Every structure is written in C-alpha cells, then in structure tokens.
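One chain, subunit A, links the two complexes that follow: it is found with subunit B in the first and with subunit C in the second.
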Partner chain A sequence: MAKLELIQTLKKDNGRVWNVSWHPKGDAFATCGEDRCIRIWAKDLLGKWSNKVVLTDGHKRTIRQISWSPCGNFLASASFDATTCIWDKQSGEFECNATLEGHENEVKSVAWSSSGQYLGTCSRDKSVWVWEVAEENEYECAAVLNAHTQDVKKIVWHPTQELLASASYDNTIKIFKEDNSCDDWVCCATLTGHDSTVWSLSFEGNGSRLASCSDDCTVKIWKEYTPGNPEGISTSDNNSVWKCVCTISGVHTRTVYDINWCPLSGLIATACGDNSIRIFKEDSDSGPNAPTFNLICNVEKAHNEDVNCVAWNPVVKDLLASCSDDGEIKLWNFVDS
Partner chain B sequence: MVENLDYDEGSNKEKVKEEEQNIEEIKDIVYDLLRTIKDPEKPSTLEELNVIYEDGVTIKQNLEHNINIVRVEFNPTVPHCSLATLIGLCIRIKLQRNMPYPIKLDIYIKSGAHTTEHEINKQINDKERIAAAMENPNLKEIVENCIKEEY
Partner chain C sequence: MSRFSGVLQLTDLDDFITPSQECVKPVEIKKNTTSGTGSKIKIQEDGSYFQMEQDGSYQKLEKVEITLADCLACSGCITSAESVLVTQQSQDELLRVFDENKRFKFLGQIEDVKFIIVSVSIQPILSLAYKYNLTPNNCAAKLATYFKMLGADMVVDMKIAEDFALIEAEKEFIRRYRATESDGVKNQIPMLASSCPGWVCYAEKTHGSYILPYISSTKSPQQIMGSLIKQSVGRSKSVYHVTVMPCYDKKLEAARQDFFDNETQSRDVDCVITAIELEQMLQIANIPLEGLDNSEFSQPWLQNDTEDVVPNVQAHIGSGSGGYADYIFKSAARELFGEDCDNIEYKTLRNQDFREVILEKEGKILLRFAIANGFRNIQNLVQKLKRGKSQYHYVEVMACPSGCLNGGAQVRPREGISAKEMTQVLEKMYSELPVATPRENDSVMYLYDTWLGGQDSDKSNAVLHTEYHAVEKSFNALNIKW
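Showing the complex of A and B:
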C-alpha cells in the first residue's frame, strides 16, 4: 500500500497559505499567502524545518504565488496589489530590487522559464505578460498576450523550451511561444475540454505532456503531437496539437486547486477543496495515446480546510510540501511498499 | 478496513439519528447568521426582502471526508439586480467568519431568478476572487456594513 507519511506541520497563525515553492537545490522553500509576507524555511541543526526569513515590505495585499529562478538567486512574488516583486540576496539579505508594474489588477501567478531568460505573469485583467530578464534588476516587457476571455489563474513554463502554458477562468488552457518570423509571442494552441475554471497546470518532466486540474473536479492529461507525428494526428501551421488523452473524474469531490507532476518519480499529486491530497501513478501497461492513471494514495483530511498547493521537492525524491486555508504547511514523505 | 464493516445494526441507526440532528443544528446556525444581513441598498434585511429563506439552506454531510457542505440559495429581488454579486459576497463572508467550525459553502442564485445567473454563481464560488474582492477597500466597507450585527 502506498502512503504519505506526515513529516512535519508548520504554522504561523497568519491565515490562508496560498503557495509553497521549493528552492531549486531542494534544501529550502518559500511560502506566501493572506498575511502579505514571504517566509523562507530551511532545516535547523536538528533537522527540523523552521522559518528562517520573513520578507514583509514588498506587497500591500495577498501574495498569491512565489517562484524561484532556475539559478536559485532570485525569488519572484505575485500579489493581489497588481505588482510582481523580484527579491535577491545581492546585499547579503533578501531585498526587493525590482517591482514589475503593468497589470491592471491582481497578479495571480508568476514563473521563470527554464533558461531563466524570461519571466511570465498573469492576472485577473485577462492578460499574460512575458518579461525579458535584461541587465541587472531590469525586466523588459516582451509581450502582452490578450488571448484569454477571463481571468488567467496560473502560468507554467515548459521544462526545457521557451513555451508558456496558461490556465484560465474561461475554462481553457493556452500555449504561447515566440514566433521568430515576427519576433513576437503568439498563442499557438488552445486546449478545451474542462467544464469550469482551470486552476493549475504542471508539465511532465520531459515536457511531452501537461496535467491540468479544474473546478469541474477533474484532472486532464494533454499530450503533445508534433507536426508529422507517427499517429497521424493532423497539425496546422507547423504547430503542435495538444490532445486530451486521459480524464480523471469521479475521484475529487470539490474543486481541484493544484496539481504537480514530479519530474523525479513521475507521480502526480493533487490539492483539493475536499481537504484531501491524492497521488496518481501511470499504469505502465497503458498505451501512450490512452494512458491510465491510478489513484494509489488518498490522504483524506490531509488538512483541515481546502488544500491550495502541492509541490514535490526537485532534488529529494518523494518529499512533498502542501499548504492550506487552515494556515498550515505540511511536509510529507511518499512511501510505496 | 475489516473493522469498519463489523458493526451491529442498532448502533448504526443511532448514528444516523445523530447525524440528522446535527444537520438541523447546522442549518439553524447558518440561517440565523444569514437572516440579519442587510440589503446593500435598502434599509431592510435579506430575510425581510425574501432574498433569503429557510428552505434555501440545505446541508449535505460527506461522512467519508468529515465535511459539512452548506448550500445557500438566494433570490435576488429583480432579475437584473446589479447587487446580486455583492449579496453573494456578504453571505460568504458572514458564514466564513462566524461559523463555529469549518464548512464547505456553495452559493447559488435561485434558478431562473437572474439574467446572468451562471456568471454570478461562478464568481461568488471562486474563493480567489472573493479573497481579492475583500481586499478592495470600497467593497470591503459595503460588505462590513451589511453583515454588521446590531444589538
């Protein structure tokens, strides 16, 4: 029986925790939420996770998401105050050395591309912005993408390419890339299938598939079919087509707020409004064009309220962090025996 | 797993009774909190305007997850009522703050009672939008006034 063993519960009594983000080295993580500050956690001398740093003066409203740059030197934070802050430790201590303005209202998500060259942000103003990381502390807006018809909830970059995926309140997922012929960013795919808000996304480790989760209580797996694919799936304008190859329904009983596909183990974790964390594993016997994902672990009452985020450690296999409306952050160890 | 199946019928019946009682109690707490909410524009309460009513509150228990799901249906006074979203916001914040234990809340406009019922239902059940709205000082002030308890 596979199970999640609780390692530690962290709490600071400051309301809803929206997001937890692992440092790329895996030895620290940041959290943020309703209390408008960012906390950085690492292990103390006894091996217990503890709060090392609190960053308080960056944002005036809820901090919805934080994201570490691939080099680990920068931390970006997206806030309901319509700004994105970039924090770094150049002076020895974490400081906000750049504030990105431009969105009309709440910034809901922020993410660095794998090369560290680009930063993406999205907002309730329906737009997705791509920022180019220029000279020291300079971020230039490379594109304002108005493809969605409603709030954009979440953005994630492809693990190896400069390809950006966005999830929206308009029930769709869109994929953007830079079009070299016109030097501009364009929407190259729209993924339809969810019946309500798409809350979150996660690419598989090699980037060939994308997992999404929604207010419609389902999880979907989308597979990329490149032009000239052996399956004969038709593509146009030399763009890949992303097709839904699997829908997991009847498992989650409320909105699924987050999904994370572990690049180390291939396991998918979900965070749900029914207080549960669930782990799915691909059935190795299922075909590539119709994969099956089995629920191998279901932690009911993982938290006392909605689970908002799940994040696999990028270095330590099977170590999972989660956070919730109940104000708690939990660390789990996945055991498959 | 085996232990769970090993119950005698008597104790199970008792358990069912206890749950029913519990459901009635939750329903009363919810309705008592809702009935005093004031209309954002008129000097009356939502109960006086028949925007909320006892039958609009239903409770479902998900025993497997140990969760109480509260469903609140409300009836805006006119089908194009511009304040329907605000009323939904008041209902959510009042319950969120005052329920003695955590609940899962779903709020819906009475079917057919509003021209944009689907859009409003989606908005007032999106917790991220609700959280952001409550950080808007103007909206927050209106909501605080509507849900203030007067003694």
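Showing the complex of A and C:
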C-alpha cells in the first residue's frame, strides 16, 4: 500500500501560504503567502528543515507565487500588488534587484523558461507576458499575449522548449511560442475540455504531456501530437495539437488547486480544496493514446484547510512539499510498498 | 467582439491592453432631503423603478447612463465606452445624419440643415485601394463620389492637417530640446508622439504624471482638421464634420472633452468612420466602389473655396504613421546642428517594431530617435523612462504593431494573406506615393497668416496644441477579487 509519510510540519503563523518552490538543487525551498514575505528554508545541522531567510519589503500585497531560475541564482515573486520582483544574491544577501511593472492588477503566476532566457507572468488583467532577460538586471517585455478572455491563473514552461502554457478562469489552457515569421509570440494551441476554471498545470518530465487541474473537480492529461504524427491526428499550420487523452473524475470532491508531475518518479500529486493530497500513478498496461491513471494514495486531512500547492523535490525522489490556507507547510515522503 | 485597436483593445492582433476592470462608475444617488431613512422602491412590470415619496406618491427613477466622457475619465475598463460609441459614432449614426439632413432639405427646414464635410486621411484610402484594386488617387476620388451620394457637401484631404502637425511637432521638439540643453528644464526630453489616441489614452489611464509631460502637446492631424473645418468653414455655417480614419481609437479622441466647443456646443469632429466600416457600408448598400465616377476634393479653407481639385494623395517620408520621427529628426539636425541628412537609416533593435536612428558627429551622439510600435515596445519605453534610463530625444509611439497602416480598423487581409503581408503591401503603396513637403505647402503658410495670426502666435498655440489629463486610479472594494 502506497502512502505519504509526514516528515515535518512548518508554521510561521502568518496567514495562508500560497506557494512552495524547490531550489533546482533540491536542498532548499522558498514559500510565500498572505504575509507579503518570502521565506527560504533549508536543513539545519540536525537535519531539520528550518527558516533561514525572510525577504520582506518587496511587495505591498499578497505574494501569490515564487519561482527559482534554472541556475538557482534568481528568485522571482509574483504579487497581487501588480508587480513581479526578481531577487538575487549578488551582494551576498538576497535583495530585490529588479521590479517588473506593467500588469494592470494582480500578478498570479511567474515562471522561468528552461533556458533561463525568458520569464513568464500572468495576471487578473487577462494577459500573459513574456519577459526577455537582458543584461544587468534588465528585463525587456518581449510579448503581451491577450488570448485569454478571463483572469489567467497559472503559467508553466515546457521542460526543454521555449513553449509556455497558461491556465485561465475562461476554462481553457493556451500554449504560446515565438513565431519568427512575425517576430512575435503567438498562441499556437487552445485546449478546451474543462468545465470550469483551470487552476494549475504541470508538464511531464519529457514535455510530451501536460496535466491540468480544475474547479470542475477533474484532472486532465493532454498529449502532444506533432505534425505528421503516426496516429494520423490532423494538425494545421505546422503546429502540434494537444488532445485530452485521460480525464480523472469522481475522485476529487472539491476544486483541484494544484498539480505536480514528478520528473523523477512519473507520479502526479494534486492539491485539493477538500484538504486532501492525492497521488496518481500511470497504469503501465494502458496504451499511449488512452492512458489510465490510478489513485494510489489519498491523504485525507493532509491540511486543515484548502491545499494550495504541491511540489515534488527535483533531486530527491519521492520528497513532496505542500502548503495550505491553514498557514502550514508540510514535507512528505512517498512510500510505495 | 471589441473593436478598439492599439493598446486599448485589439481583435486580430496579439498586442494590446485589455479592459481591466468592470465598470466602476458609481451609481449616482440623488439624496432625498426630507427623508431621514431609506426610501421604498417599487419595480413596475416593465422593469422601470419608482421611488415612493413620503407623501405616498411615486417618482420614476432615472436610469444611470454612462457617457463616453465618463469612460475616458475612469481608470477602469473601456468596454463600456464601446457601447457608447456604437450609438454616437457608428456607421448607422452617420447614415442617420445624412438621411435626416436630406429630409430637412426636402422639407425646407433650412435652419436645421447641416453642412456636411468629410475629411479623409491617407491610411484608409490605401486600405480601401488595396481592397478594391484601385490606385490611391482613384480610390480617393471614388470615395469622394460615394460620400457625395450619401449627402456630403464637401470631401476634403486631411493632408493639410498632417502638414500642420509635423511643422508644429518639429517646432515643439526644438523648443523642448533647447529648454533642456540651455536652461536645464526637466521632463521635456524625450518628446513622445501624441497622434495615436490609443497610446495617449493608455498613458493617461496608467502612467499619469510620469509620462504625460513628455507627450507632445501638438494636436493630432484629426483634431487639427477638426479645428480647421469648424473654425474656417463653421464660422458661417452649421457644420457636421466626419473623419475617415484607420482606427477605432480615433473615435475616443474625437469624443475628448478638450475637443468640444462650448460656444457652438459641438465637437470639432462629430463622427469618425473607419476603413472597415466603410467597407461594410459599401457592401450593405451593394455599391461597387470601383464602379463609381471620380469626384474632386474641396479646399474650403482657401480664399477661393469654390476651387475643387483632383485628388493627389501624398505621403510623408518615414513611417506610414505620419512620418513624425523622420521629419523631426531631419529638421532638428538641420536647425540645431546644421547637418543635412537626406537619407536616414534606422537600426532595428529588439524587434521590427522598435527601430532607432542616430545623428553622430565626431564620435558624439547628437540625436537619438526611435520608432516604437505596439504595446510590448511601449512597455519597454515606459519602464525605461520611469527608471531614468531612456537615452532618446524623440520617440514616435504608436499603439498598433507596424503603426497606422496596420490600424485596428483597416480592411482585413484577403483570404490566405496574413496581416503582416498586407501591411507590407500597404507600406509599399505608401512609399510609392509622391512626397509631401510641409514647409512648402502654400496653403499651410497662408493659413498661419490668415487664420492663426502667424506662426508661434498665441492663437496658433491655442488652436494647434492640447493638454493631457492623468486619470486618478479609483479603488473600490467591489473590484477586489481573488
């Protein structure tokens, strides 16, 4: 029987915690939330996770998400104060050395591309922005994408390509890439199927599939069919199509707020408004065009309130972090016995 | 679907600002002076609301109406503005005015008859010439016929206002440059172009006092045309003035309070109609533009205003958005540094919509100009300015990628052609037109003397320049969402 063993509970008693983000080396993570602080956590001498750094003074309102750059030297934070801050340790201490302005209101999500060359942000103003990392703390706006008709909740980059996926209150997922023929970024795919807000997204480790979770209490798996695919799925304009190949329904009893596909184990973790954390595993007997994902672990009351975020450690297999409206951050070890 | 272009709202272009908030205009509550508590409201079967007075009588409550002016004065969305525009400045409204005017004429109600003048700008002429396979001059001549068929009294070329705008912008730049260099006056340089209403509206709503001092006070050609028509012709007649433009945002500009004449209770531009709306009007009426006769353009601002001319549309060197950067660069190089630069070369920076040109002498950069089109480049420019990192002396800013030839209300491309390719066709057509030289335009010089009391006179400053107003952000608890 597979289970999640609680390793440690962390609490700073300052309101809901929105997001937890692992450092690419896996030996530290950052959290953020309602208290407008960013906290960086690492293990102390006794091997216990403890709060090493608190970053304040960056934002005037709730910090919704933080994201480490692939090199691990920069931390980006997205806030309801309409700005995105970039923090780094050039001076020895973490400092905010760039503030990206431009969104009209709440920034909901921020993420670095795998190359570290681009940064994506999205907002309640319905837009998705791509920023190009220029020289010396300069970030140039490379694109403002207004494909969504409502609040954009989350953006994630493809693990190897400069491909950006976004999830919105308009129930759709959109995928963007740079189109050299028009010298701008364009929306190259719209994924429809969810019946309500899409809250979060996560690419599979190799980028060929995308998992999404929604207010409609389902999880969907989308598979990329490239032009000329052997299955004969038609594509147009030399763009891939993304088709929903699996819908997990009847499992989550409330909104699914976050989803994370582990690149190391292939396991999918979900964070749910019913306070549970669930782990799904792909059935190895199922075919590539109709995969089956089985619920192998369901931690009821993983938190006392909505679970906002789940994040697999990128280096240490089966180590999962979660955070919640209850103000707690929890570390879990997945055991499949 | 919304039709605002540029930074306000685009339909087919991925480069714009969306309406950000729901309408935040507070509902006006007229205080009842006698009643200490709230009053009873009764809803009738037809959905109208009645308020019960203390004496038991009922009074009908007014519906809250949102005017375009409300929208422009608000920091929130502009979607409501659009529905207002539909009633104030649509093709239906234009046709209604034409028909009503015909009826007044027929009934002999001379005092109600308006003198209708249509001013045509170059970008929609090229767009429609492309659509109907006409030469630009033929297209202009046939458009003149079409408007006269509808009931226009005169159709005029807007080039005269474009010439005025370039001359005034050039003089303003030199004034600002000298004030900065010799007197150390702040917030003068870079001067930012003011002819794009999408950009101006965005700057007013979002960046207020940071950016507005840099925006050129020179009116856009549309509004200079408005003043010229209403003041030169409107003196003796009641004029209804229509402009033909490449984008919807021009409707917002025409509706600005700054361009409303309290004395005559009319706007300098009464109705803005765009290329794509004209295409629809022609289609609905089943009129093949190419099959119409040619008519002439009028010049009512001249002494002998009966002298009509065959359309001779011209371009201004440089961008298809009016050639501001080009004209001001060359004039400033000559005026400030005694340098003649006939051919200037633009260097493409981050993308094709951000280009710069430099005047360099003995290793020193004397002038640095740029053309920044589209919202992403506006963003980068604005952020640089805010951080004090802009090195530019002048930036021609337009909200639409590729500028006004690709205005949001130009005719859509033919089947199988991308917007980019169509813009390239229009750019080529534009570059092949004969070139206008504003300072050699006798009519402009004549008007400076006879209408404006000379160049740089108080009147010419008052008539050819305008002001911008920062919009205060309004915060309303109802707008806060998670």
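As a convention for this text, the second predicted complex is superposed on the first by the 337 of 337 C-alpha atoms of A that agree within 3 Å, B and C clash if a C-alpha of one lies under 4 Å from a C-alpha of the other, contacts with A are read in each partner's own complex, and residues count from 1 in each chain.
Following the convention adopted for this analysis, contacts are C-beta pairs under 8 Å (C-beta built on N, C-alpha and C of every residue); 3 or more make two chains touch, one makes a residue touch a chain.
What you see is a predicted model, and the numbers here were worked out from it, not measured in a lab.
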{"item": "Contacts of A:Glu282 with subunit B and subunit C, given as first, second, both or neither", "value": "neither"}
{"item": "Which of subunit B and subunit C A:Ser196 touches, first, second, both or neither", "value": "first"}
{"item": "Partner chain(s) touched by A:Glu95 [first = subunit B, second = subunit C, both, neither]", "value": "neither"}
{"item": "First, second, both or neither for A:Cys187, with subunit B first and subunit C second", "value": "second"}
{"item": "Contacts of A:Asn146 with subunit B and subunit C, given as first, second, both or neither", "value": "second"}
{"item": "Partner chain(s) touched by A:Ser127 [first = subunit B, second = subunit C, both, neither]", "value": "second"}
{"item": "Which superposed partner A:Glu300 touches (first subunit B, second subunit C, both, neither)", "value": "first"}
{"item": "Common interface positions of subunit A, toward subunit B and toward subunit C", "value": "105-106, 124, 151"}
{"item": "Residue ranges of subunit B touching subunit A (in the complex, touch as defined)", "value": "62, 64-67, 102, 104, 122, 126-129, 131-132, 135"}
{"item": "Residue ranges of subunit A touching subunit B (in the complex, touch as defined)", "value": "16, 34, 61-62, 64, 80, 105-106, 108, 124, 151, 153, 169, 196-197, 215, 253-254, 273-276, 300-301, 304-306, 325-326"}
{"item": "Contact set on subunit C toward subunit A in their complex", "value": "10, 14-18, 20-21, 206, 350-353, 375-377, 379-380, 383, 386, 401, 418, 420, 481"}
{"item": "Of subunit A, residues touching subunit C in the complex", "value": "101-102, 104-106, 124-127, 132, 140-147, 151, 181-187"}
